[in-house]
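I have a structure here, written as structure tokens, and I will follow up with some questions on it.
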Amino acid sequence: MSFIKEYIRTVYRAVSSLLKGMKLTGYYFTHHKEIITQNYPENRDTLNLPERFRGEVVLTHNEDNEHRCTGCTACELACPNGTIKIITQFDVNEEGKKKKALNTFIYHLELCTMCNLCIVACPTDAIKMAQNFEHSVYDRSKLTKTLNAPGSKLMEGVE
Amino acid sequence: MIEEVGTSTDGDLIINIGPQHPSTHGVLHLVVTLNGETVKKVEPHLGYIHRSIEKMCESLSYRQFIYVTSRMDYLSSHINNLGCAHAVEKGLQVEIPERAQVIRVLMSELTRLASHQLWWGAMAMDIGAITPFFHAFREREMINDIMEETCGARLTMNYMVPGGVMYDLHPDFQKKVKEFVQFFRSKFDEYDELLTGNVIFQARTKNVGIISKEDAISYGCTGPVARAAGVSCDVRKLFPYDVYGKLQFDEVLMEAGDSFARYQVRMGEMRQSLSIIDQLIDNIPEGEFQAKTKAVLKLPKGEYYSIVETARGELGVYIISEGGMTPYRIKFRSPGFSNLSALDHMARGSKIGDLVAIMGTLDLVIPDIDR
Amino acid sequence: MTSSELKEQLLQLHPSLSFEEGAEWLHTNVEAVDWIGLAGTLRNNPILSFDFLFCVTCVDWKAHLSMVYHLRSTKHGHTLVVKSKLNRENPEIESVSGVWRTAEFHEREAYDLFGVKFLNHPDLRRLFLTDDWVGWPLRKDYEDPVNMIKL
Amino acid sequence: MLSIESITGSIQDFLFANLPGFFAVLVQFALVGIFVISLFAVLGLVLVFMERKVSAYMQIRVGPNRVGFKGTAQTLADTLKLVLKEGLTPIGADKFLFNLAPFVVMIGAMLLMAPIPFARNVQIWDVNIGVLYISAISSIAVIGILMAGWASNNKYSLLGAMRSGAQIVSYELSAGLSIIAIVILSGSLQLSEIIASQENGWWIFKGHVPALIAFVIFIIAVTAETNRAPFDMAEAESELTAGFHTEYSGMRFALFFLAEYVNIFIACAIGATLFLGGWLPFHIGSWTAFNHIMDYIPSSIWFMGKTFFLIFIIMWFRWTFPRLRIDQLLNLEWKYLLPISLINVLIMTIIAILGWHF
């Protein structure tokens, strides 16, 4: 008799374990409030990315089209992938002294891994990470960007 | 090169599982010799995602090479970065501030939880249950959000730097983590209801893919794979780093060494991780989050080996320095590589379905194996 | 066992061993021909019982290659690093895959990337790279203009 | 009241009134053919959409929600895609068998439509050996699957087909035995008679515990016979990529896909007919008012409701359970289900002979 008892017990346990799982999936089937997926392209406006999110490197400009980059190439040296290329020029100031300044800040988004090392390395806080993450384009060459706005110049007082 | 594989001379069937296959979790290629449904031999062919990270690191400076290691075991990238940071710090002889140590441990445990959650879902999928995968991602998503807020990225964070961490914690960090822990505790029982207790799941994993304690040591298995066989190998206990020495947690050990034991070890580890987070989250000391280090790091001539416990086992980072700005030679002892070498031993004599289940419980991450 | 005790113990068994000081763990140098004998002793001697080979790697020192084996005892908890110099032109060393099973894969890796020939290895083939690959990528003089991108 | 019965009846009257008998029958054949094929297409679309929505909600997702109203046109769009896709034939494949296999599976499923009573007096062919016909024709599907697996010249396909062969052949036994239990109770092989015998109560209620056991075994067996998870050995996505239809693409794949869902529908329809009274409404003893309200619901709705309830249960299985291993699958059949159903049939016979059922 104990054999049959044991057999029935095994079958009971097996069936109840299966029913437990079905109860759980049944719960989620009937409770649509638990749904966690987002309707992504529709919720673009309400999408809230944290301010530290690393989307791409940008060179910040103020209203007067001034940036803080001195062209020191610290970011270029810090970058492990050669993502940043800085072309410098020598400006001559009023006193006749030559001074190194930024000419073009080239940023290869296609090479960037968003490791943030350039931002950490920047001594003047000129560059920062932007929250934009929709980078896809049809032509790879569009991913090579010039970060300094045309006609922009160095902010006063940034050394 | 994929050689001509067909029917071998003694009537066995040779099939290629992978490199593109739903259950190899990436680009693992297994050449399996079958006798009917029974596995006679499993031969892993590696290298489909070999990027020669070791060679790459030889040309990167000590600050730069850390980010590359996120790409090895991408599921526990924090812990990989931590291992590298440790090795560099050993050479630099810097003292890490208490706050940075606590942050590192917190991040490591959150990463471990996220990694185990993904493993749980992926393993269930290997065994044929698809729903758990999505349930696991719900909790993992919360960890990713926490990571995103503090570290700025969701998967390859690059948050650990030599001397500490890159930034201080986000002001909301403690609140969010507490919310997550509470939520996860309430959902953890669902994991058991959905999978652990399920009679089909137990039938599929018990007494399958058994590895003995001696074999586990000999094959160099570490992490949950070895602990399921009864090998005490938790680096956090054996060679405590950061603040692990001061924490109260148990090393989850099982004796059976089968797939179900490996499953239970990981489930137990998730509970231990939660308890570690509980102990630390209210006791983050004030202070610096980064020790002062020079802008250009140079390690003195010598050899530095650091060990950390990733979600998959023991990660060793072996740096040989000649005193320059870049490592002379760097070697990553990845846990998955050794665990994979035991797959043939475990899977022989089992069915194809079991092979897939065993691979699931080994928790292989292919970039970690190929590097 | 501490490093100094380990050193004494090892010297008793193999008086020809030389040691390096200063690192975290005890480093010992062994001739390539003596390695397989020493490996058996390290593994089976009950006082040493180095049953866990956790890292096998090779280093290219330009003049010569050097194999590095990291060993730990799960029973006693001590660690030992064994190094062996190899000839760069014809690097050959006995395989220890019979002593520690994990060595089979690690040695294949070292063969693949450094070209070290492991004698009596059960299945010495390239592991990561294709079978027809030319050269040993992790050696310092390896040049590959196609696959290596210099920044 | 507009019912399917009146529509079919008037069509038949119209045809026989206006055409000579032979042509009327021919036109009827054509109409039935169109009906079956369109039912196939509609069922495929509806069931695939249902499966995707059920799985989505169980997996805390939304599921298809873009194409058409709330995503309802999603499966139509997918079908269009499949139809437009190129159907590749592997070089080493046996071309004739490779192309034939999806049609064999499909035709097998189509033939099974014949004796199913969709509503009161709506049946394509009320054959007097209906149950026998069903068990015989449902075995044809396995030939199609074996053909597909063999002709693909792919080891995954072959393994999947062999598994499927072993599985379907074994599970047919217990499916057949649980059907026989009902045949014993009702004393007829004709499906319309079986339904008629349930006029005063469905067999699942009238037949005591043995009928319930037979019902459970029937559900398990048809889940296995239609290759559905947790018994999807033939496909076993994580093991054999896609099993027997690994090499199929485009329209031929769509046929396999469609046949799977139609098979589920037919299996559940048979289950509903045998155990849940087919198109009969739900009656409770002497509650005449309640019974009257139930009678007001059209018989086709009753039939579809019961069938879709069973389909939902089978889908529920699929999205909850892990897959069994092949040896465990066969163990379950030969060591548990078959002995239980044999004893069950014995008990059922005793009940039927002694007239203990209600």
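The letters A, B, C and D name the chains in turn, as written, and every chain counts its residues from 1.
The definition used in the following text is that a residue touches a chain if its C-beta (ideal position, glycine included) is under 8 Å from a C-beta of that chain, and two chains touch if they have at least 3 such contacts.
Since this is a predicted model, take the numbers as computed values, not measurements.
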Revision key, fill the gap. Drop chain D from consideration and the touch-connected groups become one piece
Point to revise | Longest centre-to-centre distance from chain B, chain (CA-based) | key: D
Review point. Is the number of contacting C-beta pairs greater for B-D or for A-D?
Key: B-D
**Study point:** Centre-of-Cα separation between chain D and chain B, whole angstrom
**Key:** 45
Check your understanding: What is the distance in Å between the mean C-alpha positions of chain A and chain D?
Key -> 50
Study note, to complete from the structure: Rounded to the nearest Å, the gap between Cα centres of chain A and chain C is 41
Revision key, fill the gap. Cα centroid separation, chain C vs chain D, in Å, comes to 63
Study note, to complete from the structure: Where chain B touches two or more other chains simultaneously, the residues are 131, 138, 194-195, 198, 200
Review point. Residues of chain A that touch two or more other chains: which are they?
Key: 18, 21, 24-25, 36
Revision key, fill the gap. Residues of chain D that touch at least two other chains are 58-61, 319-321
Review point. Which chain A residues qualify as touching chain B in the complex?
Key: 13-14, 17-18, 20-21, 23-25, 36, 49-50, 52-54, 78-80, 113-117, 120-121, 129
Review point. Contact residues on chain D for chain A in the complex?
Key: 54, 57-62, 65, 316-317, 319-321
Check your understanding: Which positions of chain C touch chain B when the two form their complex?
Key -> 22-25, 27, 51-55, 57, 59-60, 68, 70, 74, 77, 100-102, 104-106, 109, 113, 126-132, 137-138, 148, 150-151
Check your understanding: In their shared complex, at which residues does chain B touch chain C?
Key -> 1, 46-47, 50, 52, 54-55, 59, 90, 214-215, 217-220, 222, 231-233, 238, 302-305, 314, 316, 318, 320, 328-329, 331, 333, 337-338, 340-342, 345, 370
Review point. Residues of chain B touching chain A in their complex?
Key: 60, 63-65, 67-68, 131, 138, 141, 148-153, 156, 158, 161, 166-167, 170, 190, 193-195, 197-200, 295
